[in-house]
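Just below is one structure, and these are the notes that go with it.
Chain naming follows the written order as A, B, C and D, and within any one chain the residues start at number 1.
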Amino acid sequence: MEHEKLRTAITEIAADMAAETDRGRVATYIPELADVDPGQFGIAAVTADGTLLSAGDANTCFSIQSVSKVFTLTLALEALDDALWDRVGREPSGDPFNSIIQLEAEKGRPRNPFINAGAIAVTDAILDDDNAEEALDKILDFLRNVSGDNSIAIDDSVARSEAATGFRNYALANFMRSWSVIENAPDRALDVYFNHCAIAMSCRQLANAGRYLAWDGKLGPNAERLIPEQRARRINALMLTCGHYDGSGEFAFRVGLPGKSGVGGGILAIVPGQASIAVWSPGLNAVGNSKLGSLALERLAERMGWSVFARGEA
Amino acid sequence: MEHEKLRTAITEIAADMAAETDRGRVATYIPELADVDPGQFGIAAVTADGTLLSAGDANTCFSIQSVSKVFTLTLALEALDDALWDRVGREPSGDPFNSIIQLEAEKGRPRNPFINAGAIAVTDAILDDDNAEEALDKILDFLRNVSGDNSIAIDDSVARSEAATGFRNYALANFMRSWSVIENAPDRALDVYFNHCAIAMSCRQLANAGRYLAWDGKLGPNAERLIPEQRARRINALMLTCGHYDGSGEFAFRVGLPGKSGVGGGILAIVPGQASIAVWSPGLNAVGNSKLGSLALERLAERMGWSVFARGEA
Amino acid sequence: MEHEKLRTAITEIAADMAAETDRGRVATYIPELADVDPGQFGIAAVTADGTLLSAGDANTCFSIQSVSKVFTLTLALEALDDALWDRVGREPSGDPFNSIIQLEAEKGRPRNPFINAGAIAVTDAILDDDNAEEALDKILDFLRNVSGDNSIAIDDSVARSEAATGFRNYALANFMRSWSVIENAPDRALDVYFNHCAIAMSCRQLANAGRYLAWDGKLGPNAERLIPEQRARRINALMLTCGHYDGSGEFAFRVGLPGKSGVGGGILAIVPGQASIAVWSPGLNAVGNSKLGSLALERLAERMGWSVFARGEA
Amino acid sequence: MEHEKLRTAITEIAADMAAETDRGRVATYIPELADVDPGQFGIAAVTADGTLLSAGDANTCFSIQSVSKVFTLTLALEALDDALWDRVGREPSGDPFNSIIQLEAEKGRPRNPFINAGAIAVTDAILDDDNAEEALDKILDFLRNVSGDNSIAIDDSVARSEAATGFRNYALANFMRSWSVIENAPDRALDVYFNHCAIAMSCRQLANAGRYLAWDGKLGPNAERLIPEQRARRINALMLTCGHYDGSGEFAFRVGLPGKSGVGGGILAIVPGQASIAVWSPGLNAVGNSKLGSLALERLAERMGWSVFARGEA
């Protein structure tokens, strides 16, 4: 019955989103993103019993970009546990995703793991001895494992474009290196960073990949434990407070779910205990989050009573 | 059974907190706060059936200070609805509670309703024609109503001390007035602000007052509606992202509940659909939130499985 | 001969300025400034032998506004000597005249005596026991003395308008009071501040008033000493580095003379050992300094070889 | 007679400085600077007739570091004239030498040519098609020419150390590149930058090199013109307002001369029409300028009546 309600909601929302004319603007800083057709919209949700419901362009692969930061954070916590927090904070930044101001004011320690600086520091934390290839293998292995799909891969042309134009990220990495917040060569850390941001996934793959955050560290209520319960809960907390840059408060206010967006137009959202959801639409709003993706999640959460701030008995 | 578990948890935690030696430092900027005995700790929780459990100094009144901002926000939304957001933002600030930097960068519009500037703007929004007395009556009436206790009152000596030393708040109010973000005379808005921050309540009173946020706008699952469901949910979202100043991310990370702290050492925390909790201990941590209050909530949430970021089937 | 050259330069420049069509925009924040005819331009210069040459509207009184800060600084140094610098810095701010950001970053100590915050702190330093009347008498007496004109007075309507709308200055004063950088009641310090900024003078009066800065602390090469030589030199240094807010570097680059501008359109410029010059034209450039006043000084300095950065043998 | 007065002043000041025990702290960020003996002090001054007077360690070569920025600015103005100012501002920054905050607030355009970011942008402006070697030749040729000494050279080990540790400068360059404020590859611009900062000169060489700024663009009152008079004057203005980072106001206040300091402990100071002075002592004050160098210049200017803010008839 819940499945029916969810299926109907997803289908109707996907239809509404397909019909929307005000779709935001696609990212233009690299051709690979600029050329994506803004008319696309996909949505997928996995429920407790493992059912995956989807609608729209849910099988189309897109550049997950910053959504990848959730997975690298998971791996960095696996590697360093709480020692990671010596290098990266846990507070919303109040600044745009690529701001360097906060870094200077706080001695090179990024405010949280989801702004660019923080995500580069997190990437550095899973990189040993400048071995970029090994780190990328670790990231891909993890993603293939949690999504149950071995075909997930990096889009090389996206990675190359990022590396060729990512001067701001080079600035951030070198700035942090000057404070010894990152340990590897800035260029190596960025090599991994640009590549993991260039991973391509579909909504269906991404929704599956988020399951371990919906079920307290397991891929389902009865699956085996992947990460400690407390860690899953805390990653969700960080997604809610920091997952949408300086639009995080707005997302919490409107949608009320932990979520992480990427400039490719994807968003992963978690309903603890209930569902892992992925949406994708390439057009972005003013603060760089998917315009229709955010709207679709707001409507879905409203219809399903899925806000973490409500009674939970919708 | 749940009651028993909760009663035991509260009692044990209160005992642990009473025994703590590292209790933080009480606020010292006015004598009325500086003179409070740091050895105190109180906790109270109301559950869905209206049961109020408490332990420690749960009947002692303390200065609720910034916790009052939750209630003035509720009233301002009642008065202006979404038009309030023209004056105040909804994003975490990443700055200390009394920062003026963000105001200058963003044309006098405070980042959110819980930093001082935002709370002053919210207060201004419930003030008509400089009529401070009327506004204060409205606030006290609301608080007496939601807590079901007509004895709640303002501590005049606290209010006077705040007014005599609150130069920084005068600065914030005049700064916002220069941008026409507040409409009344800065001194009148501050008169109301200093007085509502000086309201004295006990943990038992405060826990009762928070019920409408735990049950989607009603004082209990079956009580009559006080505010719209969506509004209650959204106030919770703001408490989670912004309720502890630049310690909001940390509170979300550790406790995982919407909460609002005050410099008097009180914290109101909401478990949507399950409980409204008030804790109080006067010693503060480095970012100005109750040290033992935060710790007690972290332990309670852990024991009861109450994080909004967990599956909710503890 | 030099007199002839100067007379010709002044006359021609005044004629050019009268003919200029792009005159900048008059300040509009109070009606008394907004209503000033932008078509006016005056210039006056006093040379070593006391000759005063002038052209254009050199007898018309205008609101000297921030030019008054040079004179209050002189009085504050008379009162406190180097102890003044405990309260106010000596560095260019890199910020607009009324910025509060720097104050927060540097614990309420203004960067220099010529930004608004610094000038308020300087005013506070010549105010004893909240006695605003006495302080204003001291300021007027000094100005009448150095200009040799007892008719100089405050424009009350300007002072009242400033007080009624100067919320940003109230913010600055209260902010500094919160750090104990100012000692009197913020409202009293601002009372004096708004009044001394509202002093009305003509170019001829102002050029005379500046003589003590041109001749190392004396009203002429052979006059009796008014302030120590080193102090005069240092006030000139502050005028050069900080006298035009965030246009100070530009003024030094183009004109090459110590100068202090006011939002009323007046500028006092000093040629050490050679001349004291006052110009006035109400239209302002983008950073709030007189557009034609700056241009006239640039041309005059160029024609007379008066930059302090040139060989001085023009 | 003036020569005698100057000779005596220089000799006595050098003796006093040699005896000083509080000498500041040498820069420690690279071994080549950290290992310099802080006991050294040198001074040299060239007067209008070309006489060079010196005392102390005036023949010892030191790393001129940021003093080189005066010479690269001269070359960049030669190359681009006023078009340079599209890329770099002319205002004091109010920030430390290596701040990146201002860059973000002002779209990658450095506030002035003497902070690190500005100097890197200036270096980029004299670099064509990534040809670092050619640019360095141009800089060395100019320096050898103005100092009349063909032995001037780059200290390779200093340049290598700067390149190996200059992460902050890599951050600045990449940040500016992200805004297209610099045109060449960041690494190439920095290659030239690190190398010209690593030029080694003695006080005698440096005093000679500064002559063109003392005599309005000529190496002496009767020498042939090297750069336009106005340009020389304007470089002096920039040195006075911006030459000592966030200690520029202090230097203007105390010394009253255009000057440019370097972290190697050297300072070039200009007395327009009178002298070009170089001092050197490796220990730095809190804002990174030579402690004894600044003090020596303050005393020399006082004794010789050399402030640009005094009457000039000492």
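Note that in this section contacts are C-beta pairs under 8 Å (C-beta built on N, C-alpha and C of every residue); 3 or more make two chains touch, one makes a residue touch a chain.
What you see is a predicted model, and the numbers here were worked out from it, not measured in a lab.
Across B-C and A-B, the chain pair carrying more C-beta contacts is A-B. Mean C-alpha position of subunit A lies 55 Å from that of subunit C. Distance from the subunit B centre to the subunit C centre is 48 Å, each centre being the mean of its Cα atoms. One simple way to say how far apart two chains are is to compare their mean CA positions; for subunit A and subunit B this gives 31 Å. Among all residues of subunit C, none touch two or more other chains. Taken together, the touching pairs link the chains into one ring where each has two partners. Counting only pairs that meet the touch rule, the chains in contact are A-B, A-D, B-C, C-D.
Listed in rising order, the residues of subunit C touching subunit B in the complex are 99-101, 103-105, 167-168, 170-175, 177-178, 186.
Touching subunit C in their complex are the following residues of subunit D: 89-95, 102, 111-112, 214-216, 221, 229, 232-234, 236-238, 240-242, 246-250, 252-253, 256, 258, 272-273, 307-313.
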